[in-house]
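The next part holds the structures, each set out as structure tokens.
The two complexes that follow have chain A in common; it is paired with chain B in the first and with chain C in the second.
Let's turn to the complex of A and B:
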């Protein structure tokens, strides 16, 4: 996929009201592949920690026998982290405000994950 | 796994880095290959080999960058099947340090190592004493100093 295609996939997510930034992260490496983030969000740190968390959650899901991770949503006092893994080993990550429409954001994250492949 | 340091000011930042990044092996050394601290190595021979190879790689890549008229590479990474290797230099008041980090891909990632390496670099810079007048290394002292360093690094 071209750089323009990656940016297009992120556009789907950042258009949702309340989303402060979106990133494509290599799940295995925890490295940013592409991002569109508002100022003040530490993209490399979010990518590294989300990648690590994805690996551990994946193992927990596998141990629990509930299949592959499709979507995770971490709600915090000041916002939320929403993640959808794509088939190619890329994580589509959104950093959002507390009042974001999670359902809509999830839908766009899944569309972005499909676009990334 | 033990963490030991010849230069005491490197110990705390190194211990924190190992804990945060989930590194399996770490070696901090001068660009000449003199070991300052290590984590996870159990044999002196491994430390000596890793230090020699790590600093040789840094010297080679610095020369490649020079030939390309580029500033030296910030870091070098290699990903194997089960382990990753991260090699990078960092400046301190005590002179440049080369860090060699080996991590399990199951337990850590390049992103985590890079993230906490930035913190390690900042902490080492802050903890490092100002460099004094460089001591001339005499061949006669070299082996004694090497033995002393290895004894410290392996708690003998």
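Let's turn to the complex of A and C:
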């Protein structure tokens, strides 16, 4: 996918009110593929942690018999981290305010994941 | 009694919209025919979703089947429809006794007594709980709740028991899925309580706990790096089910797993209740 295509996928997510930034992360090694983050967010570190967290969670969910992860949502006192794994092994990640419409953000993350392939 | 059931069934068949399902469902429940009672109550509830008695009946059946979470929701709904509903107040008091929350049980019993001051079993139960005999009050309520012998269920927690160390298997006593969909683990991935079974019925507690070791620290670090404060929960949607992770204490992690019929929001509420139970249990172990 072209750089423009990746940016377009991220645009789907960042236009949701309350989303502070979004990035595409390689699930296998936690490397940032593309990002649209607000200044001050350490994208590379967050990507590494998100990749690792996704791996642990995915293995636990598989062992628990609930199948592949479609979406996960880390709730925090000051906001949220929302993640949808794409079929290609890319994680579509959004960093959001506490007031974000999680349902809408989830839908846009899924659209972005489909666009990424 | 079978004749009563036959007669009521025939009456309901002639007029499916009638309220006779309330008597039929209760009779089946009292006779221990819980699957039949469940069908009758659920069909009645579908026809009469705004009838508090229908929610009360359904809750009674669910409670007898050990599905306390949904029974709680149904009695809660009955109270929303009809504040002061006697059956719902008694039912909720019964469930609060089961999880050892004597204060809430007492509050619901007293509300029930205000609604029915001449009810002898309520007078007795309230007198007992005010006198500190919560276990006896719970027993009185259980006897009163079922005209037939009560179904086998874990004994209600008395105040003394609530403060005594509980054995491992009791950490989620009274909560739905305590031995198949609730798992408490420490930061090293060791199982502390509860159990988890996969859809095939196999115990997967230990491998799942092992995979989740370190999740708490990684979630905490991610939240800190992003300036999001502290993490409070992690929900995940899978192809065949939903999971929710919570942190009842700094060193423990709670996992709740349900199939996809349980929405993520409801799962978070179930996890919150289970986390409170786990927190109390962990404090007692300390």
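The rule is simple: the second predicted complex is superposed on the first by the 117 of 117 C-alpha atoms of A that agree within 3 Å, B and C clash if a C-alpha of one lies under 4 Å from a C-alpha of the other, contacts with A are read in each partner's own complex, and residues count from 1 in each chain.
Heads up, the rule we're going with is that a residue touches a chain if its C-beta (ideal position, glycine included) is under 8 Å from a C-beta of that chain, and two chains touch if they have at least 3 such contacts.
The structure presented is a predicted model; accordingly, all values stated were derived computationally and were not measured.
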| item | value |
| --- | --- |
| Clash-or-fit label for the pair chain B, chain C on chain A | fit |
| A:61 touches, of chain B and chain C: first, second, both or neither? | second |
| Chain A residues touched by each partner, larger count belonging to chain B or chain C | C |
| Chain A-centred angle between chain C and chain B, computed on Cα centres after superposition, in steps of 10 ° | 110 |
| First, second, both or neither for A:80, with chain B first and chain C second | second |
| Touched partner set for A:70, first chain B, second chain C, both or neither | second |
| First, second, both or neither for A:101, with chain B first and chain C second | neither |
| First (chain B), second (chain C), both or neither touched by A:52 | both |
| Partner chain in contact with A:114 - chain B first, chain C second, else both or neither | neither |
| Which superposed partner A:28 touches (first chain B, second chain C, both, neither) | first |
| Chain B versus chain C - smallest C-alpha distance in the overlay, whole Å | 10 |
| Shared contact residues on chain A - chain B and chain C | 45, 49, 52 |
| Chain A contact footprint on chain B (complex, rising order) | 79, 105-106, 108-112, 114-115 |
| Complex interface listing, chain A residues touching chain C | 40-42, 45-46, 49-50, 52-53, 56-57, 59-61, 63-81, 95 |
| Residues on chain C engaged by chain A in the complex (per definition of touch) | 196, 198-200, 204, 207-208, 211-212, 214-215, 218-219, 221-223, 225-243, 255, 257, 264 |
| Partner chain B, residues of chain A touching it in the complex | 25-26, 28-31, 44-45, 47-49, 51-52, 55 |
